[in-house]
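Once you scroll down, you'll see the structures, which are given as structure tokens.
Note that chain A is present in both complexes that follow, paired respectively with chain B and with chain C.
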Partner chain A sequence: MDKGIVLFAHNNRQIDYAKMSILTAKLANKNLKVPVSLITDPSTVSWMKESKTFSIAAEVFHKIIITERPEDNNMRNFGDGKSYSAAPFSNGNRFNVWDLTPYKRTLLIDTDFLILSDNLNKYWDVDSDLLISPRYNDIIGEDRTGYLDTHISETGLEMYWATTVMFTKNEYTKTFFDLVDHVKQKYKMFSDVYRFNPIIYRNDIAFSIAKHIMNGYQQIDEYDLPDVFSVTDKDVLYEVENNTLKFLINYKDSNIAASVKDKDVHVMNKFSIIRNYDKLMELAE
Partner chain B sequence: MQEEFKKALDFSNYRQTFAIQRKTLKEKIDAKLTYGYNGGIFKIDRELLNFVEMLIYKDRSENVVILDVNENPILVENLVDFREEIFDRYFSATFEYHEEYQKIKKARSVEKLLEV
Partner chain C sequence: MNFGYLIIVSEKPETNYSRLAYALALSIKNTQKEGYDKVALVINDKKHIENFTSTWVFDEIIEWSGAEHWDGRSYMDQLSPWDHTVCLDADMLFLRDYSHWVEYFIKNSELYIANKSFTYRGEEVNDTYYRKCFIANELPNFYSFYTFFVKNSKLATEFFNLQREIISNPTEFSNNFLDRYKPKIIGTDEAFALASKILDITDDISYPLDFPRVVHMKGMIQNWPYPAENCFDHIGFYFNKSGKLKLGNFEQNDIVHYVEKDKVNLETINILEEIAWKKN
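This part shows the complex of A and B:
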């Protein structure tokens, strides 16, 4: 296949990424009209079969590719408005996408990135082997954007966001993804060199460093994907109605209402995606 | 949660919701004014529209090289077709912008703003 989208889903005790991936795939398929494949692991597939989502997934996905679950010891807090819960976070195998993708040109997206427009379609033919989103774009704006949302550390590089990545399968991108793997393997060493906090492995940081190295240790003008328009996990997706996503945005300890329609949005509060799952699925029909 | 949402709909939050809705709308229109062509990316703005129109006026309408957003040279084989495309996109995006912006301006409550 020439082009398509790839999603990764490795469930943990708190979040059913596989269920989210079905929604994300349906939205992407509806708005971009390209096939979507899923990369997952045997235990997630078992859960999909048990929870009866596997048959739906088999219809929605072009291919379901089963690989080993990454052995990450990443624990992180998953926010749901004002509350948090800790859970393991298995996302350390993104570099495998180069080997596993069935497409020549791949758009890799996170399962919490909801494609509600055809905006990303204009990037398939851009003359660049690797496109990554270079900026975080908070729904509120710069007021709520911290330095560590835009840089890998207080003294480090500008951060790329691995939420959306598009690449052509060739030698150049093979080297890039091998480099991402290398950064992951030597994460502590790179944290000393690039002065970032290594406690949690972040794909965004590994991708940013790999890009920096591939660009000859400098920042250059190049094509990028659009900013990652985001709603944080302190915010809540409150309601989905008339093709509109209504949010409660946490700002300076109070709540502001906002809505999003026909615009791709990174909804970091995964619990609120699951709570509104049925309505969101209707949006994807 | 319902109580918090009700509170957020209070008119005292109107300006903040208005600002978010306006920002989101502006970004949506900016995306529509971004045009991928022949491997390059163009921002459809007044400068590009005028430049293309001027080239056609000067009888330079075939095999023209135009610099894109990254200053990369992009070959446009048929500039008249290119002009039609960017003018169509410009008018449809700006018309939508105007229409949606009027709706935002006329929405006199947070609840109405959310429906735009």
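This part shows the complex of A and C:
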């Protein structure tokens, strides 16, 4: 196949990424009209079968590619408005996308990135082998954006957001993803060299470093994907109505309402997505 | 035509500017193409460079003690032996061939003064921490660290004459023209900017261009989330045997104005000398 979207889903005990991936795939299918494939692992597939989502997934996805679950020891807090719960976070195998994708040109997206427009269709034919989002774009704006949302460290690189990545399968991108793997393997060493906090492995950081190295250790002007328009996990998606996502946004210790329509959005509060799953699925019909 | 770079230093017992000028001259010889690699040094006492191994990197050495410290630079138009000159600060390093910039200036300008600088990460400096006098008094944002001029041009002569007046009479000019924010000292940048404003020639001598690109390593303008007096308390200065420089994680390709004088030491000099010897 010439082009398509790839999602990764490795469930943990708190979050059903596989279920989310069905929604994300359906939204992407509807708005971008390209096939979507899922990369997952045997235990997640077992759960999909047990929870009766596998048959839906089999219809929605162009391919379901089963690989080993990454052996990450990443624990992180998953926010849901004001509450948090800790869970393992298995996302350390993104670099495998180059080997596993069935497409010549691939758009890799996170399962919490909801495609509500056809904006990303503009990028399939851009003359660049590798496109990544260069910026985080908070729904509130710069007021709520910390320095470490835009840089991997205080004195270090600007941070790319691996939430959306588009690439053409060739030698250049093979080298790039091999480099991402290398950064992951030597994450502590790279944290010393690039002076970031290594406590949690972040694809965003590994991708940023790999890009920096591939660009000759420089910040250069080049084609990028659009900014990742984001709603944090401190915010709550409380309603989906008339093709509009309505959020309660945590801002300066109070809540303000905001809505998103016809615009791709990274909803970091995964519990919110699951709570509004049926309504969001209607949006994807 | 002849073209050359000009470096003006005034040594005191406690300073070592001549070593910085020597490093800069070596880096020019190592990176610029023939015809664009001439260097003239103006120094108050030649004995300061007697111990350097390769003084041949200075094509002209002019002993002159007409002014102290940086005030000497206000005489650059009179001191330069070249028809076309770029006057540089001594604490800079060249890292690749910039002769195409010079070709442009020779063809298009009588006088050009840099009007922007960059962080080590390649971002244009927009922090105004060191530019309060400029902002308050609406002076053009000049950086004298890279100044191109044609000797004896009417425009350049008028400009340099006025800025010398300003340097020589700082109180009068401060009181009359910089009253909204008086600088402690009128340095070359301020004098250049004020002279340009009084003569109303800013658009002629510092119009927008993508070059010269100079990385300015003063602490407070690096777009960091915290204040920093000395950049190198926070990032490394990595100068390798090939004469390539990394600041922090960033490979440098533009002219680097490193500011902290201890960054050029005997080891740096040895590397630059070795490259120069191999090249010549």
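To be clear about the criterion, the second predicted complex is superposed on the first by the 285 of 285 C-alpha atoms of A that agree within 3 Å, B and C clash if a C-alpha of one lies under 4 Å from a C-alpha of the other, contacts with A are read in each partner's own complex, and residues count from 1 in each chain.
The definition used in the following text is that a residue touches a chain if its C-beta (ideal position, glycine included) is under 8 Å from a C-beta of that chain, and two chains touch if they have at least 3 such contacts.
Computed from a prediction, not measured in an experiment: that's the story for all the values here.
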Message: Under the stated touch criterion, which partner chain does A:Lys246 make contact with: chain B (first), chain C (second), both, or neither?
response: first
- request: Identify the partner contact of A:Leu280: answer first if only chain B is touched, second if only chain C is, both if each is, neither if none is.
  value: neither
Field: When both partners are placed on the shared chain, which of chain B and chain C touches more of chain A
entry: B
Task: Quick one: classify A:Tyr123 as touching chain B (first), chain C (second), both or neither.
output: first
- prompt: Is A:Ile22 touching the first partner chain B, the second partner chain C, both, or neither of them?
  reply: neither
Message: If we overlay the two complexes on their shared chain A, which of chain B and chain C does A:Ile256 touch? Say first, second, both or neither.
response: first
- prompt: Does chain B (first) or chain C (second) touch A:Asn137, or do both, or does neither?
  reply: first
Task: Share the list of chain A residues that count as touching for chain B in one structure and for chain C in the other.
output: none
Message: Give the list of chain C residues in touch with chain A in this complex.
response: 121-123, 222, 224-226, 234-235, 246, 248-251, 253
Message: Touching residues of chain B toward chain A in the complex: what are they?
response: 1, 4-5, 7-9, 13, 16-17, 19-21, 23-24, 27-28, 31, 34-36, 38-41, 70-72, 110, 113-116
For the chain A and chain C complex, residues of the former touching the latter: 147, 154-158, 193-194, 212, 216-220
Field: chain A residues touching chain B - in the complex, by the definition given at the top
entry: 81, 117, 119, 122-127, 137, 139-141, 221-223, 226-227, 229, 236, 238-239, 242, 244, 246, 248-249, 251, 254-260, 262-263
